[in-house]
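Here chain A shows up in two complexes: once beside chain B, once beside chain C.
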Partner chain A sequence: MPLGWWTRQRHYFLYTVREFTAVPLALWLLWLLVEIKRAGDGPARYSPHGSTAFVVFSVIVLLFSLYHSYTFLTLAGAIIHVKVFDRPVPSTLIDLSQFASWAVASAVVAFVLVWFGR
Partner chain B sequence: MPDKRITIQAARFDPDHDEKPRLQSYEIPFYDESMVVLDALNYIKSHVDGSLSYRWSCRMGICGSCGMMVNGTPKLTCNAFLRDYWPRPVVVQPLNNFPLIRDLVIDMDDFMHKLKSIKPWIIRKQEMALGAGEHRQTNEQIDDFRQFSECINCMLCYAACPVYGLNEEFLGPAAIALARRYNLDSRDQGLKDRLPVIADPEGVWECSFVGECSVVCPKGVDPAKAIQQTKLDTTMRFVLPYGNRD
Partner chain C sequence: MKRPAFLHLIYWFAFSTGGVVAAVLIPVHVLVQGILGPLGVVRVVDRHYDTWVSVLGNPIVKLYLLVLIAAPFFHFAHRLRYLLVDLGVPSAKGVPAQAVFYGGAVLITLVTIWVLLTTVPISFG
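Up next, the complex of A and B:
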């Protein structure tokens, strides 16, 4: 197979982007660990990054993260095979349940962060 | 009105004379809107160049013989209409990821070996006595595996799979879908016999869910779904208490 096989088709390209999203996510999480360590010095001595470059980096990583999550959750309908009253649950319904769970989990995490951050 | 014509660029390769495949152009009459690429190849072989070699049989999308790359996409040539490509040239090449025998004919030995390796037959621990009658199934039991039984072994999924292209040891979409067809069959008791092959690192776990196999499948088998469901099933058997029971 030629090295550029993933550029031959749109579907291959999107698959490669999907797999690549783990890299910027991992880099951003490494930064988060560094920030958590820095925050351990206490509020008086800690100031978060506010540079434009960092904001742009975070927005790009957010986009990758959203694509990563979207592709992951939409695969659930293909993977999960569930029957209710002997009838298979449609894959669309399974996908919707995953997105609903994602929304609820995000709301809970956001509430906890805001509540303890006050 | 002048006769409509279309250009077919077909791959040619003679193992006795050529080092690598080349494209040969043929301009043929496009006399009917219902013409498919297979019709074009048959016209070339009958009227222009009888040496062109390719496989075909039913010409109606059920035998799986005529799979080829059409403008870079694996397709059944009996199901690829010329009107969808005209007036651009149609490039016909042998299926990707398979050794080439001649022109558009590929070596399918590896595929046949992989199909056989998953034991595609009903395996019983204890055969029913003949006098007990046939194995009965409800419509719901048949629906459980019906989709995965629609495979016509056309190998388009293998041509589309970049994992198989990079690693020929990968069991592949059609073989795994066929294994799932038998594992879901209520008459079958052979899951444990098939597990060493499908749960192998070169089995389901080599798949990274590109999904192109399901996109190109002409019969809607959705082998990608079969593979991911098999991954889940084999994992649950490993994780759950008594998951490996018969």
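Up next, the complex of A and C:
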């Protein structure tokens, strides 16, 4: 297979981007681990990341993470087949339930992160 | 007789669990801790030493952070290994590559456990 196969069709390119989302997400989680470790430095030396470069990095990671979420959660409609009263549940309904769970989880986590920041 | 594919079961369980955790939980952490907090839009728990340490001592938070950080790495390991195969690195299918990628995810898990247990003592207060 030629090296640049993934640039030749939009579908291949998006597939490769989907698989690549692992890299920025992994880097951001490692940053979070460092942020946790820095709490051990003591109150005088603790200073959380807040530079413009870090915010720009986070914005780029957010775009990749939203793409991962969208592609992963919409997979559910394709792979989950359930029946209710002998009738198959439509895949769009399964997708919607995935996105609703994502919205609820995001709201809860955001509330906790902000509430305990006061 | 066909042998049950236990290793595949473990791989796919780890892959899907990590994928769900990454899909459902990472965007909100990036948005709040990586963008809104540093920009000063909202007060976020990790922007101040006192609030950050007080939540990091909670055992439920420690368990949550372990799942949030470690589980996605098993998903990432699988994706990146097969991305390399697709990009023309067939050796990424082999056992040594599996040891490196999944071993890396195990290593991240162990480091995360170590950081969570040694950084702030567990407190139930």
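Things worth noting here:
By definition in this document, the second predicted complex is superposed on the first by the 115 of 118 C-alpha atoms of A that agree within 3 Å, B and C clash if a C-alpha of one lies under 4 Å from a C-alpha of the other, contacts with A are read in each partner's own complex, and residues count from 1 in each chain.
To be clear about the criterion, a residue touches a chain if its C-beta (ideal position, glycine included) is under 8 Å from a C-beta of that chain, and two chains touch if they have at least 3 such contacts.
Keep in mind that this is a model prediction, so the values were computed, not measured.
With the two structures aligned on chain A, chain B fits next to chain C without clashing. Residue contacts after overlaying the shared chain place A:54 against chain C, while chain B stays out of touching range.
By the touch criterion defined above, A:36 reaches chain C but does not reach chain B. By the touch criterion defined above, A:78 reaches chain B but does not reach chain C. In the superposition on chain A, contact of A:92 is made with neither chain B nor chain C.
Once chain A of one complex is fitted onto chain A of the other, the partner contacts of A:9 are limited to chain B, with no touch recorded for chain C. A simple residue count on chain A separates chain B from chain C, and the partner touching more is C.
Residue contacts after overlaying the shared chain place A:19 against chain B and chain C alike. For the three-chain overlay built from the shared chain A, the minimum Cα spacing from chain B to chain C equals 5 Å.
Within chain A, the residues touching chain B in one complex and chain C in the other are 1, 6, 19. Those residues of chain B lying in contact with chain A across their complex are 72-73, 97, 140, 162, 165-166, 208-212, 215, 222, 224-225, 228-229, 231-232.
For chain A in complex with chain B, the touching residues are 1, 5-6, 8-9, 11-12, 15, 19, 75, 78-81, 86. Interface of chain C with chain A (complex): residues 19-20, 22-35, 37-39, 42-56, 65, 68-69, 72-73, 75-76, 79-80, 82-83, 86-88, 111-112, 115-116, 118-120. Against chain C, in their complex, chain A makes its touches with residues 1, 3, 6, 16, 19-23, 25-26, 28-29, 32-33, 35-37, 39-40, 42-43, 46, 48-51, 54-55, 57-59, 61-62, 65-66, 68-69, 72-73, 101-102, 105-106, 109-110, 112-114, 116-118.
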